[in-house]
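What follows are several structures.
Below, chain A partners chain B and then partners chain C, in two separate complexes.
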Partner chain A sequence: MSAITETAAPVPALPPAGMVATIAGKEFTELLRDARLKWAGGLIAVLMLTALLLGWQQQQQLDRERAAASHTSYQQWLGQGEKNPHSAAHYGQYAFKPASPLSFLDPGINPYVGSAVWMEAHKQNEFRFRPARDATSLRRFGDLSINFVWQVLSPLLIVLITFNAFTGERERGTLRQLLSVGVQPAQLLVGKMTAISALLAILLVPPMLMAMAMLFFVDEHHVDSLDILGRSGLMFIGYAVYLAGFALLSLGVSAACGSSRKALIVLLAFWVLNCFVAPRAITDVAARLAPTPSAVQFQSALTQAKKANFGHDEKHPAFIAFRDSVLARYGVSRVEDLPVNFRALSLNEDDERGYRIYDEHYGRLWAIYLEQERIRSLAGVLFPMAALQPWSMAMAGTDIAQQNDFATAAERYRREIQKAMAADMIRNRPNDGSDYVAGPELWASIAPFEYRLPQAASVLGNQWRNLLLLLVWAAMIGGFALTVVRRLRPT
Partner chain B sequence: MLEANDLTKRYDQHLALDRLNLKVAPGEIFCLLGGNGAGKTTTINLFLNFIQPTSGTATVNGIDVAARPLEAKRQIAYIPETVMLYGSLSGIENLEYFSKLALGVKRPRAELLDLLVQAGLAPDAAPRRVEGYSKGMRQKVGIAIAMARNARALLLDEPTSGLDPQAANEFARLLEQMKHRGVAILMTTHDLFLAKQTGTRVGIMQRGVLAAMFGTDTVDHTELERIYLDLSYGKKAA
Partner chain C sequence: MSMPAPTDRPVAVSLFRDAFALERRLFRAERLMPVIVAMLFCAIAYAIANGVAWQDRQNTLLASAQLEERARLDEQLGKLADMQEGRYTPPSAFQNPRSPLWVGLRHAATYAALPPSPLAVSAIGQSDLNPPYVLVSADTRESFALNDEIENPGNLLAGRFDLSFFIVFLLPLVIVSLSYNVLSSEREQGTLAMVASNPVRIAVLMWAKLGYRAGLVLLPLVAFTLLLLLSMGAPVLQADGPLRLLVWLLVVLAYVGFWFAVTAAVTSLGKGSAQNALILVSTWIVLVLVVPTLGSVAVELAYPVPSRAEMINTLREVKNDSAREADANAARYAIEHESADNGGAVSEKDYKTASQRVMMVKLASDRIAATMAVHERQIASQRDTTAWLRFLSPAVLLQDTLNEIAGTSDRRYADFARQVDDFHRSWQGYFNDRVLANRPLDAADYAQFPRFAYQPESAGVLIGRILPTLLGLLLPMLVLVVVASRGVARYPVDAR
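Right after this comes the complex of A and B.
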């Protein structure tokens, strides 16, 4: 055996950043060689790719079908031939909600709410064609989207590869070795977190880049490219905070627990609570605190309120009162002497009164939904899924707020049709009881319905609280991890 | 170099170490003997700042370990009873990792390989993953890590436990070389032969107290064994 190196000398300290980089490098090498990561990570990669491609293909197909249906509906509107404008208003059109470009990343509430609404006279209809209702129960198992992989499977992968990050060091005895060379526990935490962050980047960045590439190869998105980029970036930030928080939690629990087994049990329990139990329980709590009326109750209340309107009933007291007020306004005593068409005026008035009733009832319902959302989000401080889900759906354009935005746009369009038809009748229809018909030029004066998603900035304006909650949760978890790691002892 | 002044560690009602006073000079090998629970590992843990003293101080080259642990650790290398390494890394990768953490620089692979060979590891074992190593091979990597640190003081906790006689013999020779380089070595061991063969002085601990301390050149093997058994177990040597 040859001689040992020359005289002992004081050892220079590795700067903290260098220490962290060295730890991170070694941790990453270990992760890459970890069989658990190879199998679980491989499976998740396959699932992500499948979800991405299938989701994209389904969304493209749906978009094409909706565009075709929308075009057909408008052509049917144009091809009505000559008829009374009020009949045309009753004939109406269908409005189809275009698929949001990022909905293939997170379909959100799309499968549970309708995608089309029939816009007819006098009535604000509900949405139809709910994929979840139309699908067979087996189909639901096949609905794999990338948001599920990111929200549910990725945290599980993080737990499985990090639950023994510190307990393993202690159980193996390497912690003694590390601490004896002057590594500080906090540096160990940051080094391990850096390595896991690289893994998280692998989980998040390639699918997001693939999604971007897919989107930019298609021309029409109902939003501009910058907006897609903004939405994707914001969605990415939300997932990055969520997964980083999970990694910190896993590291913290691993440092706090006496054994790997205990750490795994604690982390799996939290994963189940966060991903499966809490979302349902929180929704139930929100529904109890801010109850929504059932569909039957809502429709019944609406019908009741609409009884105050006269509709086509010429004996209704409201009709008589309106007729008298119109006659008085024009200084005549008979409808036949009015310079404008009274029938059209009365229908228009009935619509206007109906709008107020619809706005009041739907507005009240919307306020309850918002309150439920607010309550659900608050739970995000403890269970990040509660804040992440609405954030992700909002950025994908598939949340309830953007469904409501589309419903509002469709209703606005319906009212424009009603107003245009009524205005034409008021101007042109005689009061002598003879029938009046309008031609295709009137139908063509109504532009086709077009809908554009709200801008990312406005979505962010409504959603900043969820990102803040995620950040607060992650910061709390980071504080917890740092506190327990600082108390780390090798024995 | 290594100094304990009234060093005491108490766990609730249990006194693990009672007012230990000890000095290990550069170029000296001090062997701490004693039965299980005598306070040997507690002493090592206190010098490594793994635990805080109840009272008293442990210093390395004049640096109080509890007050300035990082500075103190820079002066110390440590070899535990069982050197635990990262199984998915090779022997040379483990050495590279720990030496970089300790030294702050990445040493050339050839230099690291030389250290492993000096520690007694076969060159063809160095690039293999440690998960396939025997305890003796791991111990040799641990020795190489300690050697790579070029430290002024070396703490050894039952280092030859589980080593075959040839490996233990090689280890003793390495200790001799380190001693000649001026390294202060504090070693806990049950191996009386190793203590007599390599130690400059021996201390025998009993229930947290340093019960006896003498030069190894003042006793022969039989005498050392008799004193050890007497103090540790209250028995006379055969």
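Right after this comes the complex of A and C.
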């Protein structure tokens, strides 16, 4: 095509606002009168309200339980009585992950991740007690939470009210009339899209605002209230892009298909692929490409690596080497002549070496999880739920990265206990082998474990890719819709 | 259409056959058959491949657990031999291979394994949440009973694409998409009036069309499943595998039958194609998503499991109290940190601390069991209620039954846990008796340690439990067939 013909061809003028507004108004009235919308929309509204209240109640209960348990665990730590500090470190404390205030919007991985970890001497433990094990296999069909309504049911509602947006006009013969009076196809698209968006806003914005209002009642001990408001806003942006993309897709397919029936089948097939097939199918692919090690493999690799450490074995070559280096540092020839307690010093050294091993092994395991998540979300270019789901979980603070953030904080706290206990023994324990006990004032020198949800900005650092994927998908779908609508023929 | 035969019944039969043949020609003309067959093949192959890969992982896991246990025991046996030859002096009771306390608690701790059923590849079920083995030691029950296998929680949340997922979730949609318009499209194209002008009942036409589609779904489904299970090396022919496979086929057949009956009933309402599709998809959403989700909420609200966080602290209190009572707190520290000058046997001091530890475990065990029983009773009540609730949705009923057949159901894991508890008691008895009697272990004792072997339930019991499922699928199917037969008799022929 030459430049001349291009300029000669009538470039579709930008849709005059008046025309678009008229179309949008007419569409909106029609949609409101539609029995489909009354039923499906009503059902969705009821489900959203139920999910919102149920989720809030569960989140509050969980948060209370865990806060109480953290308090008890700390009291148990304080009430140990007089004992050797290392013995106290062995007793340790439990860390309970506080329920994220936004988890009532998207519980994410919460049911499938351990809720508590034992912070004891020598060992970085795995989280235990996955809530899903306290439920039946019914749980595996899905949770009744508002994210389920937004991710799965809302796109279906869009499909159901828009699949015949263009095919219906054509079948009734009204498309010919519209085009004959000079309405541009693009104007039709924009008008219809405006009407659907307004309708969705009426249905979805109130529960979102309600959720935001509920956030003002959150206990602020481990969150920044402005930050969680920001998180919820970002979360809703993701849903807006997702649902707008679905509406455009629905309109585009309706314009491209010869009959309402065909449009409906194509859209339903995409909905099933997006919501049910792709998430599972990709999970299997990700598990193949980046396989998770088994607990036995992981633990025996750790045990193997820890053999290089001396632990309590005083005949271990590493122990002897360390002892010699300490003796040399203090310029003495016998352990008894050291001005500090050598056993405590060696415990501390062994712990320090252990930390490096744990960092390496847990780091590798978590890298595998993140790699699996990355592969999973790549599918978001075609199936947007794969990008939306991680985005929503991340904003709710219920994704794997923030679970690991909590695990890291708990491990830091465990190490603080180890260091403080060892430091006390290094200072105070005599080298003559006689026993040494410390009392409650030492236990109280360890502050209670406090965890704060990471700031939204740091979550964005990992998550912008998913939002970008969603935007790219929606833009692609927008392009598709515009292209097919421009080719719209009345028959 | 062929000429009508003289008697009524053969007329229906031959008409049915004709309609069936016509349908085949139509599908051939639209080149739909190869597409559907290829789609079924790909989905089933992918699902079974995932099941096989998962099972391989489970088997590797069990094998590596056994290997790890063997290596641990060999290390102890080596130390024992060295001790006898005078080459090894344990630096502490903990490192003494003759100490019944530490051997029973740590060094000989044994994996109680749940062997996979021959059809395990067909449904991953609850096997991703429950590890197939438990490391049993002489310690208290909470030390092992709730241990998890390492897994990315994101994978647990998403679930897997296995054969049972394909059948429970997707197959109904395949059926719906093939048959939502069996009569309505004829009416919309105006061909139904033409057909009805022939001496053929519309009911016969509908059943023939649905029958043809059922064959189109079932034949490849059964053939591909059998072929792929066998060719991908699933051990379906081992032990009671063939019997399980037979039951599997029966329930899947009944499920497919149920969904065709739903389609027939919706078709008989006489609505348009798009409306049929909407009603059918809504039915799917209600049965596959809404009923299970609401059921899960109802069951958990009716039988809430008390806070695990609180349980953890209670168990710690119980252990503290028991330890204080047995005055073993200081002793445990001494065992791990002070060396004993025993030269091989268990010293007086070690005996004292070891027996105190055993006393503590004995004191704590009953209290711990009582604390944990509160949670387990609630979970058991949830399970029992679910066993009734599942009849509300054929999808839940089938999912549950396929898990049963694959040996990955909640019930089987509960049964495994029960057997492990019995074994744990005998393990504790064996070592605790020796600790209290101050009897050091020798090589002969090592060969006598209790061993766990899972006692599977007989195939008869399993089938007895699955029979109600079959009824739960067939009964609604029959009701729907009756409804459809009555409705279709009044089917509107005119094009709208």
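A few points about this structure:
Quick note on the criterion: the second predicted complex is superposed on the first by the 466 of 491 C-alpha atoms of A that agree within 3 Å, B and C clash if a C-alpha of one lies under 4 Å from a C-alpha of the other, contacts with A are read in each partner's own complex, and residues count from 1 in each chain.
The working rule: contacts are C-beta pairs under 8 Å (C-beta built on N, C-alpha and C of every residue); 3 or more make two chains touch, one makes a residue touch a chain.
Please read these numbers as outputs of a predicted model, since none were measured by experiment.
Using the contact criterion defined above for the overlaid structures, shared-chain residue A:Gly182 touches chain B, although it does not reach chain C.
Judged by the touch definition given at the top, the superposed model places A:Gly173 against chain B, while chain C stays out of reach. By the touch criterion defined above, A:Thr72 reaches chain C but does not reach chain B.
By the touch criterion defined above, A:Ala269 lies against chain C but remains apart from chain B after alignment on the C-alpha atoms of chain A.
Of the two partner chains placed by the overlay, neither chain B nor chain C lies in contact with A:Glu441. Touched residues of chain A were counted for both chain B and chain C, and C has more of them.
In the superposition on chain A, A:Leu156 makes contact with chain C only, while chain B stays out of contact range.
Under the contact criterion defined above, no residue of chain A touches both chain B in one complex and chain C in the other.
Put simply, chain A touches chain C in their complex at residues 36, 54, 65-66, 68-70, 72-73, 76, 83-84, 86-87, 90, 94, 96, 108-109, 111-116, 126, 128-144, 148, 152-153, 156, 160, 163-164, 260-261, 264-265, 268-269, 272, 276-277, 279-284, 286-288, 291-298, 300, 312-315, 365, 368-369, 372-373, 376, 399-400, 403. For chain B in complex with chain A, the touching residues are 45, 48, 50-51, 69-70, 73-78, 80, 82-89, 93, 97-98, 100-105, 114, 117-118, 120, 142, 145, 147, 149-152, 170, 173-174, 177-178, 181-183.
Of all residues in chain A, only 1-15, 18-19, 22-23, 26, 29-30, 33-34, 172-174, 176-184, 489-491 touch chain B in the complex they form. The touching residues of chain C, counted against chain A in their complex, run 46, 50, 53, 57, 60-61, 64-65, 68, 91-92, 125-126, 129-131, 146-161, 165, 169-170, 173, 177, 181, 185, 273-274, 277-278, 281, 285, 288-289, 292-297, 299-300, 305, 307-310, 312-313, 316-317, 320, 329-330, 333, 336-337, 375, 378-379, 382-383, 386, 389-390, 395-396, 399-400, 403, 409-410.
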